[in-house]
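So, here come the structures, one by one.
Next come two complexes built around subunit A: one with subunit B, the other with subunit C.
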Partner chain A sequence: MISAMKPATLQRAGFAAIALAALVIAERAWGTALRDPAMLTGWTLFALVLLLAIYGVKKALPFLPLGQSTRWMHLHSWAGFLAVAAYVMHAGVRLPTGPLETLLALSFVLVAASGIAGLALARLLPPMLRARGEPILFSRLPGLRRTLAERAAALVAPSRALADHHRLHLAEWLASPDDALAHLRGSRRPLQRRLEHTEALFRYLSPDELMTARSLIDVIKQKDLLDAHHALQSALRAWTLVHIPVTGALVLLAAAHALTVIAFRGGV
Partner chain B sequence: MPRPVLQLWRFDESEYDRPNQAWVCGKQADGHACRIGPDAGGVCLATYECMPRKDGAHARCTRPESAGGKCSEGPAKDGTCAHAITKCHPVRSWKSKRRLASIAIALAALVATLVACFSRGPVANGFVSPGPLTPAHAAAAATCADCHDSAVTAGGLLAAIPGGGATKCLDCHRDAAGPGANHPHGSATSSSERTLTCASCHPEHRGERVEIARGGDLACRSCHPEADGSLAKHPEFTALGAGNARIHFDHTAKAHRTERCESCHVLDAEGRRRVLPGFDAACSRCHLEEIAKPTAFAWRDPSSVRREPDDQASRWESDLRALACRVPLAPGVIAASAASDADPMTLPPPVPAAAVTARTWLAGAAGTRVMPASFATGFPATGEWLAEGDSLSYRPLVHGDPVAKGWLDLVARHAGRKPRYKDDGGRCTVCHALDPAVAGVPAAMAWTGHRDESRVTRFSHRAHGEVACQSCHAAQDGMFAPVTKAACTTCHASGKASDGCLTCHGYHEVEPAVPAPIAETLTGAAACEGCHANASKAWAASTHGTARLDSDERRAPAQEIADKLGLRGGALAERCDPCHATGVTLSAGEGGTNGSKHEARITCEACHGAARAWIGVHADLSVADRAERSSRAGMRRAGDAFALADACVSCHVVTDRALVAAGHVSGSPMDAMLWSQGEVRHGFGDGCTGAETEVNREMPPQRRRALFVVGALLDLHHSLDADVLTTAGDHRDAFAARIGKASKKLRKAASADAALGAELEKVLAPLDALELDVDPAVAPSAKAVGRVRASARNSARWIADQHLADGVDALDGVIGAKIKGAPWTPPDAGTSTPP
Partner chain C sequence: MDVQQARTGITPAGMVDAAEKIPRPARWDVPFDGGMSEASVDRVLAVAPFSVIDAAKFPAKIPLRGVMTNDARIVRFKKGDIVVREGDYGDSAFFVLSGAVRVVLSRGAEGGLPPAMLGRRESKERTFVEAAMQLFRSRMPEVHADVGKRPGTAPVAVAVPTADSTKVPPFTSPPDVPPTGASPKAVVRTMPLAEIDDAGHTRVFLQDVPAILDRYRTARMGAGELFGEIAALGRTPRTATVFADETAELLEIRWHGLRELRRYAPAIKEHVDKIYRQNSLLVHLRETPLFKHLSADELAGVAETVRFETHGDFDWYGSYKSYSEKSAAEKLEKEPLIAKEGDAPQGVVLLRAGFARVSRKAGSGELTTSYLGRGQVFGLDEIAHAWKTGAAVPNQASLRALGYVDVIVVPADVVVARVLPKLPEALMPPFLAIASEGDAIGVVTAPRTREESVLREFLVENRFINGQATMVIDLDRCIHCDDCVDACAATHDNNPRFVRHGVQLGRHLVANACMHCVDPVCMIGCPTGAISRSVQGPVVINDATCIGCGTCARACPYDDIRMVEVRTPDGRYVVDERTNAPITLATKCDLCIDQSGGPACVRACGHDALARVDLSDPASLTQWLSR
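Coming up: the complex of A and B.
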């Protein structure tokens, strides 16, 4: 796996590993000196969270000369992994106690989990989209879906057999997106099933109806393409609905936590 | 047939999508989105499909190709488009929804942060609490302020920044942690410059099941980097268990052989050590006669005593003074002895002279030195003095004779080795070895089998009861070799019994509690009279010295109370002796100053502590830190306001409800400071030299102030008895009145100084909350009473240790002047106030 990684990726991974090792060593040294290592890991974690949050600000201000977005993305990703390690060192792997700390832990877990999920999705889904062929704008999907539904209805109207088949098996499917999980897995089974089901009619159709049926097959394939785009592009958007909104809360709660720690530190 | 392309991209074939817009057409989900769309405010702008253009007298359709091109109907006659668009309800775009969610969640978090920062009530405190407390703390602490600095919750979170470094842990745990709790092993002189916080090793708020009493082994490595938490890598033990060599005992001698080690080596009260039962119990059956054999310690003519180098002449003199406390000697002898040159190390053989006593010597026989008559008082009858020519010898007759011990200690300290004896080799030194000089502590004779151990290292023989003695204590030349680490690692190793640092080592080196004056630890009032003659006379004339339960005045009331309670014999003694006598148990067959003493009066040791453990160091004026070492050994010194006031108040406040119900008074209206300056005052010591004077001095102002405040706090502490205060009746009322008086005194003291007031407020505020004087029918909660009681005691100790009251001149105006009784003065002497 390491040999398959690009040199630049390896380099970034190396820097992250060095930073993590430094943090671990520093944390052990603090604990040995009877200083609370949670103060060290806590402030480190807070700094990392701020660094990660700045990426969103940068994206909102693209006109500012703050460097390439790609570099920011890489920095954001590796800083995120480092933040997860710092969190584990800071809070341990345990359920939080106390309302404030529970909210804080929950928000961090949501942001981190959604971020990792988003990173994975951003690596996996675009190739799947490219493999499907024609790129389609997400906002046009409903209109294209309606066009296909109207085309299908018009195609099958002269043929009773096809019209019945359309009414019973295709009309509802053509009206809305479907088979999201299958498309996320990259599965073609739903499409195959519908094609087989439609092609099973062929033996009962007249030559004219057969021509119509082949056009109907094309409509089915296009609808499947739209469903694939809907599923994959929705997934690429959905994780940001968790990751970005909760980040603001995470920053604020972390600040409240820091104030609490400063206020209550000391003898007891 | 090629599949038709779904999307069209040409500007004239497709609409331009604007994904950055906040609102999109409400019909987009159905695929019927109009090409006009809503405005930025979410208002649908759709009206008609086109805006017809006037072309002369006609209007022409302007619908674009992407929307279907020109319509067949064309514009209406009035020039409007024939195709109206039904208005929609615009919806937010994905991006807008995400932005809204971000704002909403951030606002919620902001509200939570503001609650945390600016609220002050229990709701806010509960919100920021990081987790549940351990059960003990949860029961003791009602609010955050009980443990945290009160400023945190009074002023809100922001007011507490920079942080509250409170040490409220010590408010309750000061006894367990010791006065130097924030320093490594309680030593303020440790190399660590940084004081440690309790939370460094004892974090709270980690849940109910966390054991916070023990810090982790890793914490030890901060100062002991070689420690890795395993016994295997511990340095080899040095001289552990070799303390047995302090008393020579040939275990291989036929007469000494026993079947079981436990026959002689018995467990002490704590189960930590196996101690020897003492000469009388273990050795006297065979060796008592040897004690009385004529081995004389010759006290030569002063001119024959070797003189130390010039700078040590005063040491000889002070040492002789120390010996004189055990055996009073005339000042003339002491002064002369310091100027002599003879060698004291070589003692003469037994002197077969006629035995004489000191009284005979005092009679002025030929060739003897005459001493003042005062020399004869309190002279121990445990030995014999023998006079020959110009030499005075002493022959001990009992084991542990104080004169012999004192003389041997004296010589050992100066010579650094045991004294040599001619001929018979000496009796004491046959068994008793020498503790060599270590780290500035001079050599001394080893009178006991064990040294005082550091509380930092602990070993319990009781816990190891199943291990054979020979497993650890290998025989060597009749004694035992030091215990090696291998003896311990047999069991204490990884995967077996625990082998962490904390298994054997403590962190908080806490001195043993001052022992109760049980009879075996007393030396008797006579031991004090030698150096403190006037003080003894003052005592003898005071109530403490005259009041006995068996006196004519007290016998009847005491018997009546005993009858009501059904007390007889030992039970009676156990109930009454702690306050009305010195020593609880009666001595059994021992006599003299070497035995235990039970006296039916309040003697010196009742207030100053059982003296057996500290009389030696107290009497040794050559020891630099004599006062501190005496305190550590259990002496309650006059300068220790806390210890003295506690000793007074603990008897003058009676919390025993049954006793009071039987007719005993609930207490006396005692003011620790004022009463100490009346008939019981015995300030005859010279503050500089320690010698006794003829003047009964008043207590210095600093001590008076300390005793006033500390005494009131301890009066409060002893009166805050939950059992009494929660039971309605006269006893409760008396205690409530007592508490009110003490509270009044403390309020006056609090107003005299800010720092003192701040410390006292920690007690007075929760005391007021008890509302003892509001409604006697309403009993306060026992838990609340207990908290204030503990707080009062800890504040008293703190104020005494930190001398918070000593320099507060304003207290002099608060302290009353009504002392109880008149101070005793020697004839032809008077009292004076120290400058």
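Coming up: the complex of A and C.
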């Protein structure tokens, strides 16, 4: 796996490994010097959380000359992994106790998990989206869906058989996004099922209705494509709904935790 | 029977019956500016050098009178009116019929007229504090505080508005009052004034001509003199600003007419070629590495022998959309052949303007092996190989014009006799590995180069190689977050200057964003010079002098310029006080020329999916692909 990494990625991973090693050594040295290692790992973790949160601020101010987001993203990713390691060193692998600690741990886990999920989705989903044809802007999906639904309704209106099929099996499906999980898995089964269901009607249709039914097949394929785009693009956005707001909570809770530590620090 | 016939039941014969019958479109269906009157044509043909042109040498389909009637017009300028601006792209030349014009000889960023005086945008990179201040500006899209405050217009803030709009006089109204309502910004104070002449042409004029004459070196050109032909024929920027020194009548000849005159009137051809040889050729040859080592005399000797050729369609952008829908074979067929694979090389072809495709036979088609732009040469390798080995070598590839190409051909015997013997070894092309017909197919099937090869064909066929900062998106990395779009909006009046949509090949998407073309056809025909190439390189629009005519948006073959309705700072739409039509301005990507840190779209992409690539340079593409 390492041999498949690009040199720049290897370099960044190397820096992260060195930083982690330095933290481990410092923690040991701190303990040897009879100081509380949790203070070192705690403040390191707090600094890392602030560094990670600053990326959000950078993104919100795109007109400021603060460098390329790609570099920030690399820093964000590797600092995130480092923060997970620092958290484990700081809190250990155990269930938290007390309300503040529980909230703090929960928010950290949520932020870390959603971040890792986001990173994975950002690698996995774009090629899947590309495989579904030309890009469609997310904001245009509802309008395109509505147009398709109207087209289908207009197509089937003159045919009783097709109108019934549309009313019972297609109208609701055409009205809103569907089959999200199947599209996320890359499965074509829901589309296949709908196509087979519609094609089963062919033998009962007149030549004119048959032509209409073929147009309806096109509509079904296009709606399936819109659903795929909706599912995949929604997934690419959904994780941020957890990651960003919980990051805000995490910063506040971490600050409260730090204040508490300072307030109740005993002197020697 | 095709699908359409199957659905409608209409046979081809039936289609013909039902079709709307029109005369076949002909060349002069749309004459230049409505066409010249017979009396005007008589007047022009009585003046030298047109009076000595032998009309009998023109073919029956393209008579001299027809050229004059349809490809020329007489335009009148008042003292101070700008005729052409340094740096503009134009498709016409001017002949002084009466009066006089003045050429500004001081040139360039140092000595020429300041950009603001010519109606251009002056861009300065923001400081960090200025960049941060953008946080506090209006959240409404396309708020243009200066729109209603043009010099010469009444103060628009007091114009009685409708509930949601502000009415302003047309941007080009004559200035009958001093610019009391003008914004204190320098760009507004120094921009030229504009007006519409009796024939409906927008005229931009210089203020304080005596001061310009005092400060800048100028030369007067009187009746009988021709200017602007080199830029028009060579598709190169105008090299000087010319303005009317007194009331002047100029014959403006569009490129099509100039081409015919050059082709069928030897005197005109000699005149144009002589001017080019005198003014530009030696400089151009000197800039080419191949000729750098020659002495001044030797270079002059070579310059005497060169042939000027133009290939392709000057107005290629007009037919670009129908061209882009054709198959690869049809496209290739449409591209004029400059040199053919297998033929004996006639000389070294040096590109002066435009792009050319280098291709080799592959299967039943052609493989594009490279593309050449301004300053690059074709044919040297074969001639050098033959000179070194004594064995004649045919052209190893074909050269075809993409759009419009202007070339210089240095004859093969001149290259052999005068250039190659003095060429330093470091510049000498290596021995050719002579290819046999069909070898190229191996490149198409080789997995290592397939992606680049296919992408190169795509970029050439769609003429994206014209772009110096083309927005290319890697769809395998793009997460569709629209951070690029949001960043563009945040830095450009809350309205993004591009669409994250466009033409796709595999994982690459060429988005609808201004590519800042090598051949910026959008700049041809702008009546006020509002769209121009900035000193820094990107093509930019000056909001203060854009009159919203839409010429640039229609000319852009890639649909990368948009007309937008504008608002005042309090959110009201601005409309024309006479027609109530919305006032629109042309908008496009300016490559964040006034933002520090480079294009906001690139800076905002967190996944290395978006880049601005100089596709006119094949090496940039290779570098981006291997990132």
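Operating definition for what follows: the second predicted complex is superposed on the first by the 266 of 268 C-alpha atoms of A that agree within 3 Å, B and C clash if a C-alpha of one lies under 4 Å from a C-alpha of the other, contacts with A are read in each partner's own complex, and residues count from 1 in each chain.
Keep in mind that, in the parts below, contacts are C-beta pairs under 8 Å (C-beta built on N, C-alpha and C of every residue); 3 or more make two chains touch, one makes a residue touch a chain.
Predicted, not measured: the structure shown is a model, and the values here were computed from it.
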Clash-or-fit label for the pair subunit B, subunit C on subunit A: fit
First, second, both or neither for A:137, with subunit B first and subunit C second: both
Which of subunit B and subunit C A:164 touches, first, second, both or neither: neither
First, second, both or neither for A:172, with subunit B first and subunit C second: neither
Touching partner for A:33 - first (subunit B), second (subunit C), both, neither: first
Contacts of A:208 with subunit B and subunit C, given as first, second, both or neither: neither
Subunit B versus subunit C as contact partner of A:255, first or second or both or neither: first
Contacts of A:244 with subunit B and subunit C, given as first, second, both or neither: first
First (subunit B), second (subunit C), both or neither touched by A:218: first
First, second, both or neither for A:126, with subunit B first and subunit C second: second
Vertex subunit A angle, Cα centres of subunit C and subunit B, expressed to the nearest 10 degrees: 130
Smallest separation of CA atoms, subunit C relative to subunit B, angstrom: 6
Footprint overlap on subunit A, where subunit B in one structure and subunit C in the other make contact: 134-135, 137, 237
Subunit C partner contacts - residues on subunit A that touch it in the complex: 59, 61-70, 72-73, 121-122, 125-127, 129-130, 134-135, 137-138, 211, 233, 236-237
Of subunit C, residues touching subunit A in the complex: 7, 128, 131-132, 134-135, 475-483, 486-487, 490-491, 500-501, 504, 507, 509, 595-597, 600, 602-609
Subunit A residues touching subunit B - in the complex, by the definition given at the top: 31-36, 96-101, 103, 107, 134-137, 139-140, 142-149, 214-215, 218, 221-222, 225-226, 237, 240-241, 244-250, 252-253, 255-256, 259-260, 262-268
Complex interface listing, subunit B residues touching subunit A: 1, 3-7, 14, 17, 19, 24, 28-33, 94, 97-98, 101-106, 108-110, 112-113, 116-117, 126-132, 147-149, 152, 157-158, 160-169, 182, 196-201, 204-207, 218-219, 221-222, 225
